Amino acid sequence: MIENHISLLLVVIPLIAAPIAAILPWGRASWMLTLVVTSACFVLAGLQLWAVVHNGAISYELGGWAPPWGIEYRIDALNALVALIVSAIAAITVPYALLSAEKEIPKQQIPLFYSAFLLCFAGLLGITQTGDIFNVFVFLEISSLSSYALISLGQRRQALTSAYQYLIMGTLGATFFLIGVGLIYAQTGTLNMMDLAQRLPEVTSLKTVHTGFAFIMIGFALKLALFPLHLWLPNAYTYAPTVITVFLAATATKVALYVMLRILFTVFPDGFVSVTPTGDLFLLSGIAGVLTASVYAIYQMNVKRLLAYSSVAQIGYMAMGIGFASFKGVTATIIHLFNHALMKGALFMAVGAIIYRIGACRMDNIEGLGRQMPWTFGAIVIAGLSLIGVPGTAGFISKWYLVLAALEQQAWLSVGVILFGSLLAVVYMGKVIEALYFKPASEANLSVKEAPILLLAPTWVLVFANIYFGLNAEFTVGIAEHAARALGVAAK
Amino acid sequence: MDFVLGHYNYWIAIFLMMVGFYTVISRGNLVKKIVGLNVFQVSVFLLYISIGTVTGGAAPIITQGIKLYSNPLPHVLILTAIVVGVATTALGLALVVRIKEAYGTIEEDEIHEQDHSL
Amino acid sequence: MSTTTLLLLVLLLPLLGAVGIIAARRFPNIREGVTLVTASLVAVLVVIMANRFMSGEVFALTVGEPLPGITIAFKVEALGMLFALVAGLLWIVTSIYAIGYMREHKEKNQTRFYTAFAVAISCTFGVAFSANLFTLFLFYELLTLSTYPLVTHTDTPAAKKAGRVYLGILLGTSIGLFLLAILVTWSVSGSVTFTQGGILAGKLDPAWAGLLYALFLFGIGKAAVMPFHRWLPAAMVAPTPVSALLHAVAVVKAGVFTLLKVTIYIFGSDFILANDVTGGLIWVAAATILLSSLIAMSKDNLKARLAYSTISQLSYIALGAMLASKSGLIGASMHIAMHAFAKISLFFAAGAILVVTHKKLISEMDGLGRAMPVTFGVFLIGTMSIIGLPLFGGMWSKFYLGLGTVETGQLLLLGILMLSSLLNVAYLLPIPIRAFFSKPADGKPYTKINEAPKTILLAMVITSSLCIILFFYPDPFYQLATLAVGGR
C-alpha cells in the first residue's frame, strides 16, 4: 500500500510537518520532528530510487485524475537520484543543525526556522517529483520563499539585504519561467511534461516556442546561479545561517539544474539543443563561469564567500557538460551534480564548525586553527582535495568524465579550461589551508577547542562519502548513465 | 496595422512587463522595487488570462445552450500565481521593514555605503 | 607467505609504521625504534620479494574498481621491482641517518617528520607496483601531498614559499598535463593498463604520438625536465634526510620511473622507434642535461648545487627512455639505481657538514677535509660515481646510455653525454679537492671540528661502499633492467 504512494508521501510529509513544527513550543521538539521527517524522507527516497532502477519509471496520478488532465508525478532515475540527494543532505544537515542553529539563531525563532526549513525541503522535493510543468513553478516558489526567509535569519544585517536581493532576482527568475510556460502552453495546450514531449516536435519551428524556451532557460539560469546570473549567490551563501548555506549549496542549485536537464532533454525533442545555439551558450557560460568565479574565489577574504564563488565555478562545470549535449556530457553533469553536493556540503559544514567556535570565518580570524581543531581541519583538507579533483576522491570522478566528454567532441579549449579550473581550485583551497595550518595562531585562537561531536559527525559522514564515491564510482556512474538514458539523450 | 491591433493584448502585457522590469532595475528605493516587481508579475497574469480567451466563447460556466466556452485552465493557474505573488510581496515588504530597522534607510545606495564603511 | 600477502605487507607496513610513530609521539626513543623496526622489516621483505620475483613468481593484486574498466591494481614487474628495491634498501639507511641528524640539529616537529616520511615511502611503493596508469597517478599525487609537510618542515616564510612552488609545479603539471595525457590515452585506446609492447600501437595516429609523449614528458613534473624543474631546488629547504631520500631518490625517481613505464608499457619501444615519436623531444632532455650542469656550477650553496646536479642526472634517464632502444632503456633503468646510491651519499655528506659546522656554502669549506676525512671521503666516492669513473657503479649506467646513443646512431647525443661528464667533473670534484688540499679561509686549520655523530657516519659509509660494490656486482640491477626491457 505505502509503496504505491511513496512519490506523493515524499512531498506531503514535510508539507504537513512544517506548520506543526512552527507551533511546537520548544525548539528542540521542532528539531526532533524535522529529524524524523527528513530521515523518513531519506528512506523513502532510497526506496523510490531502488524501485525506479529495478521496475522502471513510476507514474503517480494525483487524486486519481488521469494525465494529461490531472497532475502526474513521474519519476525516473534522474528525479529519483536528485530526490535522494536532497533528502540525504537534509537528513545529514538536521543533526548538524541542532547546535549550529542554537548558536546562530535567536531562541524564539527556532521553531519557525525548522518550519521554514521543512517547507523549503518540501518545495525542493516537490520540484523533483512532479511531472507537471506548472506544478514546478508552484513548488519552486514554495522552496524559494522559504529560503528567502531562512537566509534573512543570518546573524549580520547584511543577511537581510542579501535575502532581499535574492528575493528580487529569484522572483524575476520564477516569473520568467512562468512567461515561458505560458507561451509554450499557448502553442501546445498542455502542461504535462510527457504530453509536451509528444506535442512539441510538431511546433518546434515556431518563434513562440523558441521565445518560451528562452524565457524558461533564463528563469532557471537565475535560480541556478549560472554565470553571469550568479550575482545573488555569493551574498546569500555568505550571510545565511551556516546550516542553510550547507543545505542550499548542496541541494537548491542541484534541483534547478535538474529542471534544466529535464526541459532540455525530455520535454524538448532530442537535438533541439544542438539545432539552436543553446548548447554553445551553455558551454560559453560554463567556461566563463569556471574561469571568472575561480579567480574571484582566490581573492576572497571570507571563507564562506570563497566557497560560494567556488560553487559558481562548479556550476560552470555542470553547464559545460550540458553544453556538449552528448550522452557522455550529460552523464558527467549528473555525476558532478551528485559529487558536488558531497564536497560542498562537507566544506560548508567544516567551516560552520569553525564559526561555531570562533563566531567568524575571515581569513585573518581562522589563522592557526588547524592545530586546535584537527578533525575540522582534516575534513577541510579532504573535501578540498575532492573539490580540486585529486584521484581517490569523488571530485576526480567528475573531472574524469567531464574531460572524457570534452575529448569526445575534440573540444580542446574546454579540456584546457576544466584542468586549469582545477589548478585555480588548488590556489584558493591552498589559501584556506595555509591560513588554518601554517599561520601562527593568535592568542585568542590558542584556547579554541575542537568542535563538538554533533557537528563533526555529519561533516565526516560527508567526508567519507567523498572518499567512498571516489574509490567506488559504480553507484554514481551507473545511476548517472541510467538517468541520462531516462532523459532521452541518445547514447553514441 | 492588423498585426498591431490584432495582438493588442500582447502589447499591453509587454508594455506593463517593461515598465515593471525597468522599475525593478532602475529604482534604488526598496519599496518601489517591490512595486515594480508586482507590475511585472501582473503583466504575466494578464498574458495568461488573455491567452485563455476563445473568440466568441462564453465564461466557462456550464449553461444550457452554450457550446463555446473560454479556456478556464489559465484562470486557475493564475489564481495560484496570484497567491504566490501576494506571498512574495508580503515577504519582500517584511524584509524591507527589517532592513529599515537595521539600517535606518530603505535607499539602496545608502545601505551600500553603510556596509562598506563597516 | 603468499605473494599477495607479501605485496600487501610491503605496501601497508610503512603506513602501519606511521600509525605507530604517531602513537609513540611522546616517547622519542620508542618513536625512532618504530621507524627503525618498520624500515628494516620493509627492507628485508623487499629483498625477499625481489628474490621470489627473480625466481619467476607473479605478484598481482586488484584492490577495487573505481570506474568501470579502470582498477586500482598492483602488478610487480621488473622495473617496479628495481625501483622498490632501491627505495626499500635506502629507507633503512636514511632512517639511521635521520635519527642522528634530526637530534643533532634539534629539529622541531619530529613526529610529523617521521610520519610523513613513512607515508611517502608507502606511496613510493604504490607508484612502483602499480599495474595501470590510474593507480600510478593516484599514488603519484599522494606522494606529492605527503612530501609537502616535509618540504615546509621548518615553518619559516622561506619554507612556505618553497612549499608553494613545490605544490604549484608538481600539482600544476600533473593535473594540467599528465592527467590530460592519461585521459587521451584512455579515450584513444580504451585502456590504461601497463602492457608489454604498449597499448597505443595501431590506435593512435603516429602524427599525434609526439604530442601525447610531450604531454607525458612535461606532465610528469617529478622528472624535473626543464622548464618544470624549479620545484626541485625549492624543495632543498627541507631537512637533509628528506633531500637525500626523497628528492634524490624516491620522488624524483618516481618521476623518471613513470616516464620509463609510459615509454615501455604504454607507447612500446617499437612504436616509438618506428614512428620517431621522440625525435624532437629528446633534445629537451639533452638541453636540460647541459643547462642544469652549467647552473650547478654557478651555485655556491652545496645543496642547491646537488639539486641542479640531480636535475641533470634525471634527464640522463629521460634521455635513455626517449632513445627507446634496448641499451638506452637498460642504461636508463640502471641509472635509477646507480644515481640513487651516489647522490644519497653526496647528500648525506652535505648534511653531515651542515650538522657539524653549520656551513652551507661551498666557498667556506676549504680545508674542512682534514677535520672531517670520512665525510669528504664519502663525498669523493659519490662524486666519482656520478661522473661515471670505473671502480664505481655509476660507470655501468653511463656505459649503457652511451651504447644506446650509438645504437640509434645519435652520435651528437653521445657527445653531449661526454661533455656532461666533463661538466660533472668541473662542478663536483673541486669540492672534496678544495676541502682536502686548500687552506681554511683564515689560514688556521680546524681544531675544534670533529666528525659527525656515529649514526650519520654509519649511513654514509654504507651507501658509499655500495657505490663501489655495485661496480663489481651490478648484477641484480642489471638483470632487473634487462628483464624490464626484454619483457616480464
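In order of appearance the chains are A, B and C, and numbering begins at 1 in each one.
Here is the rule we use: a residue touches a chain if its C-beta (ideal position, glycine included) is under 8 Å from a C-beta of that chain, and two chains touch if they have at least 3 such contacts.
If you're wondering where the values come from, they're calculated on a predicted model, not measured in any experiment.
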What topology does the chain touch graph have (line, ring, star, complete, other)? line
Of the chains shown, whose Cα centre falls closest to the middle of all protein Cα atoms? A
Centroid distance [mean C-alpha coordinates] between chain C and chain B, Å: 70
Dist(centroid_CA(chain A), centroid_CA(chain C)) in Å evaluates to 45
Averaged-CA centre spacing for the pair chain B and chain A, given as whole angstrom: 28
Give the residues of chain A touching no fewer than two other chains, as numbers and ranges. none
Listing for chain C: what residues touch at least two other chains? none
Contact residues on chain B for chain A in the complex? 21, 24, 30, 33, 37, 40-41, 44, 47-48, 51, 74, 77, 80-81, 84, 87-88, 91-92, 95-96, 98-99, 102-103, 111, 115
Within their complex, chain A touches chain C through residues 385, 388-392, 397, 399-400, 403-404, 407-408, 415, 419-420, 422-423, 426, 430, 434, 438, 470-474, 477
Which residues of chain A touch chain B once you look at their complex with the stated criterion? 134, 137-138, 141, 145, 148-149, 152, 157-158, 160-161, 163-164, 167-168, 171-172, 174-175, 178-179, 182, 185-186
Chain C residues touching chain A - in the complex, by the definition given at the top: 64-68, 72, 134, 137-138, 141-142, 145, 152, 155, 160, 164, 167-168, 171-172, 175-176, 179-180, 183-184, 186-187
